[in-house]
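Next up is a structure, given as structure tokens.
Per-chain numbering from 1; labels A, B and C assigned in written order.
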Amino acid sequence: MSGNILEKPQSFYSEYTRKPGADTLTTHYCPGCGHGVLHKLIAEALDDFGVREKAIFVSPVGCSVFGYYYFHTGNVQAAHGRASAVATALKRANPDSIVISYQGDGDLAGIGGNNILQAANRGENFTTFFVNNAIYGMTGGQMAPTTLIGQTTTTTPRGRTHENEGYPLRVAELLATLEAPVYLERVLIGDPKYTMKARKAVRKAIKAQIEGKGFSMVEALSACPLGWKMDPVDAKNWVQDVLVKYFPLGVTRDNISEVEGYVPGENGNGRKPLSDRELVKKIDIPSDETTTTYPLPEAEDRYKHSEIKIAGFGGQGVLSLGVGLSQMGMLQQYHVSWLPSYGPEMRGGTAHCHVKLSHNPIGAPLIEKPTILVPMNKPSLYKFEDSVVEGGDIFYNSSLIDTPPKRSDVNVYPVDATEIADGLGNTKAANMVMLGAIIAKTGLLDKEAVITEMKQIIKKEKYVELNQNAVQAGFDALQSVSG
Amino acid sequence: MSAKKSRGMIFFRVEECKGCALCVDACPVNVLELSSELNSHGYHPATYKGEGCTGCGVCYYVCPEPGGIKVYKRYDPEKHTAEVQ
Amino acid sequence: MAKMLIKGNEAIVKGALLAGCEAYFGYPITPASEIAEAASVYFPEVGGTFLQAESEVGAINMVYGAAGAGQRVMTASSSPGISLKQEGVSYIAGSELPAVIVDIMRGGPGLGNIAPEQSDYNQVVKGGGHGNYKTIALAPNSAQEMCDLTMLAFELADKYRNPVYVVADGFIGQMMEPVEFPKPNRNIPEKPWAVKGTAETSDNLISSIELDPDDLEEHNRKMQRKYQEMRESEVRYQAYHCDDAEIILIGFGIVSRVIQSAVDELRAQGVKVGMLRPITLFPFPSDVIRQYTDQVSKFWVMELNNGQMVDDVRLAVENRVPVKFHGRMGGNVVGTDEIIEKVLEEESA
């Protein structure tokens, strides 16, 4: 604070009206607690940088859970450990806000360890203040991830041992292993010479955010007189004499001057809302102008409701043949559904899909008794042959299936799909050969329309012609066959 | 030693003090002490001994209560008395 | 608008964007991953935020943050992921924030499998996390509804300042059907309570903490009134051939599609059956079901679980007529013939 007077910063409420009870002037912190000092340093910096109104204070679970009693800023209270995840979204929603994420040692280094690690690693442009007092204050003095070896707490009554609880976690050093953070420093709230250094660090970290530099964290070693069962001055001295030996003070990362800051523009996000038309286009929703539909093909009555099961091994284009049938069926006015083999149906290594093309709305998309079975390999034929309805069709890939179906109560069509596709120069087109063959015998779809609309199912331009040829070849192969 | 020169001035909000004595411990010119009186919370609040404040502001920064202490770096009673109220 | 053949999971993302959703935070899990994948394509395209979070817990807390900042925001996951999110959902409900959560249910408990189940009914419909809260739960049974109900979910979330689930089994997520996408509907209400980092919002607080017992009780009572309003205004269901039905089969999601086929076949055989499909699992169409107790000899409830929704049906029926249950688990789906067999077996017995 510049000027002649040092007094309560404006970034605090003058009266803490959110605090229950009669006393709305003092904090809920115990005498000699370091939180109040750090709060004051933050509030002073928000005042001095003129960003109080833009600031959002994220309170954690822990002693500082009531940060929102005090800070006259936007306030969001987070679940235990999640302040950094919450802060991530707050900042991304409003990039020109100033987000202060405030966490204690249990919150940040214990339950929220992964959240802080990942937010820091993403280089989120908010500022974290991490109060390390080596204990869980709020819950009554239990062990923290930063509790020293030998330190007695209510859950380490014999003192922390590395054999049972491991070693205290050094967060400032840990985060310094990451690429993204721009500024990390451990400071101490204690004698004035330390606290004034902490003040500098607080200001530097907030300034880095204002300048859009990225993630920064200030770890503040701080006294918990009640939790440690010491009087305030002894507790302050314990921080300076004992705690600091394990948690050395200093900067573990300072890239601020090397990083180019990003400061969002006037409109906050710099985003202009899209018009409805632009939105629909951007998310690839087809329009009537770009979509051609075709009349419902005239086929035999039994094809007014087709239940088609296509099966084979991975790579045979089984699923995409199903999608192709459904897609073309939709353009030709059928009600359609496509369901991939999924879950326990995938047992045995074969893939299959269920396709329905119907003149009527479709109930169950699952097919128990196909009217048309398309086995692309032997195991698929064996698996599904018996399920085909009486009078149904089996189009089987005779290139790979040397023993034809045994059923005499169904129509059986061998299709040399793989061989024909090979002849066209690409084995993978076998599925489209099969599509042509099915069309030839069933009249389910209009072949010319399928060829015209091939780009709807083959997204790669250079393969469209091949697949058009494959449909034609399959069609030709079966049209000459009687049956 | 002659009386300490008072360039600055310190005001405590008695009801906002929890008697932690961190300011007393930190004051480089030793002009603060805990009062023998009690405030309404039952704490012995910090008080200014009455002279010698240099206006360094150390007490302000070590005080854990946001509104506990107000420090004038240079204090002119004639000019500032009104605003202290 | 023209129809598009699309997976249910992808229809959700387009529906969300048509509803003006601005941010997506998620974590990959089968069978819901297509949602995150499509979101990663389209959200940045329209100037929105897509972030693959560090965990399900991270994702739901990001949803909390973005909702607190006033954004339309969503996440999606599948059963084990929803279990992880429950704490965050409780905070969102407690803080009265609007958010949309999609659950593409899979087999459980534990790691279970990736096949479709409906065994999250209880954890989605009954609150799921700690505390006295409710979430609206919308249960689509087609790709079209994956889009439509997602759009509705955003509207209801804002209307009630409450989390809304879109809950579907893996089949509804994985299947492709034609979808006719509606026009964008981005009528996002003013959110003066949000925390945006602006002068106007600098006195706002997003929080679920109420230390005083009376305050917390009042907060809960206020929320209960809100849930009651949902019960009165938001019940949605589909009745199929129920008018003259002597037996009504109740199912949601993929099961309702199979029941529909079974009803058609049974009707063809002269059996007077109908289907009732809850579209809102909460609020549950209890009154509608109870009305049919005067008409039907029994209800059948079919689910892909051990019998979870059947409890709500039984509460609605109040023992007036028998409620029979048939459930499949592990990813096995009740078949049309299976349903027909169950119904006829019972009738001839």
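Keep this in mind: a residue touches a chain if its C-beta (ideal position, glycine included) is under 8 Å from a C-beta of that chain, and two chains touch if they have at least 3 such contacts.
The structure displayed is predicted, hence computed values, not measured ones.
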| item | value |
| --- | --- |
| Nearest-to-centre chain - CA centroid comparison | A |
| Of all other chains, the one whose Cα centre sits farthest from chain C | B |
| CA centroid of chain A to CA centroid of chain B, Å | 53 |
| Intercentroid distance (Cα basis), chain C paired with chain B, Å | 61 |
| Inter-chain centre distance, chain A versus chain C - centres from mean C-alpha coordinates, in Å | 20 |
| Residues of chain C that touch chain A when the two form their complex | 1-5, 13-14, 17-18, 22-23, 25, 31, 42, 45-47, 49, 51, 53-55, 57-59, 61-66, 68-71, 73, 87-88, 91, 95, 107, 113-116, 170-171, 174-178, 181, 183-184, 195-199, 201-209, 211-212, 254, 257-258, 260-261, 264, 330-333, 335-337 |
| Chain A to chain C touching residues, read off their complex | 18, 20, 52-56, 59, 65, 68, 72-79, 82, 85-90, 92-94, 96-99, 114-115, 117-118, 269, 271-274, 276, 279-280, 282-288, 290-291, 323, 326-327, 330, 335-340, 342-344, 362-366, 368 |
| Touching residues on chain B, where the partner in the complex is chain A | 13, 15-16, 18-22, 25-26, 28, 41, 43, 57-58, 60-67, 69-74 |
| In the complex, chain A residues that touch chain B | 4-9, 12, 14, 23, 25-27, 29-37, 39-41, 43, 70, 191-192, 195-196, 199, 225, 231-233, 236 |
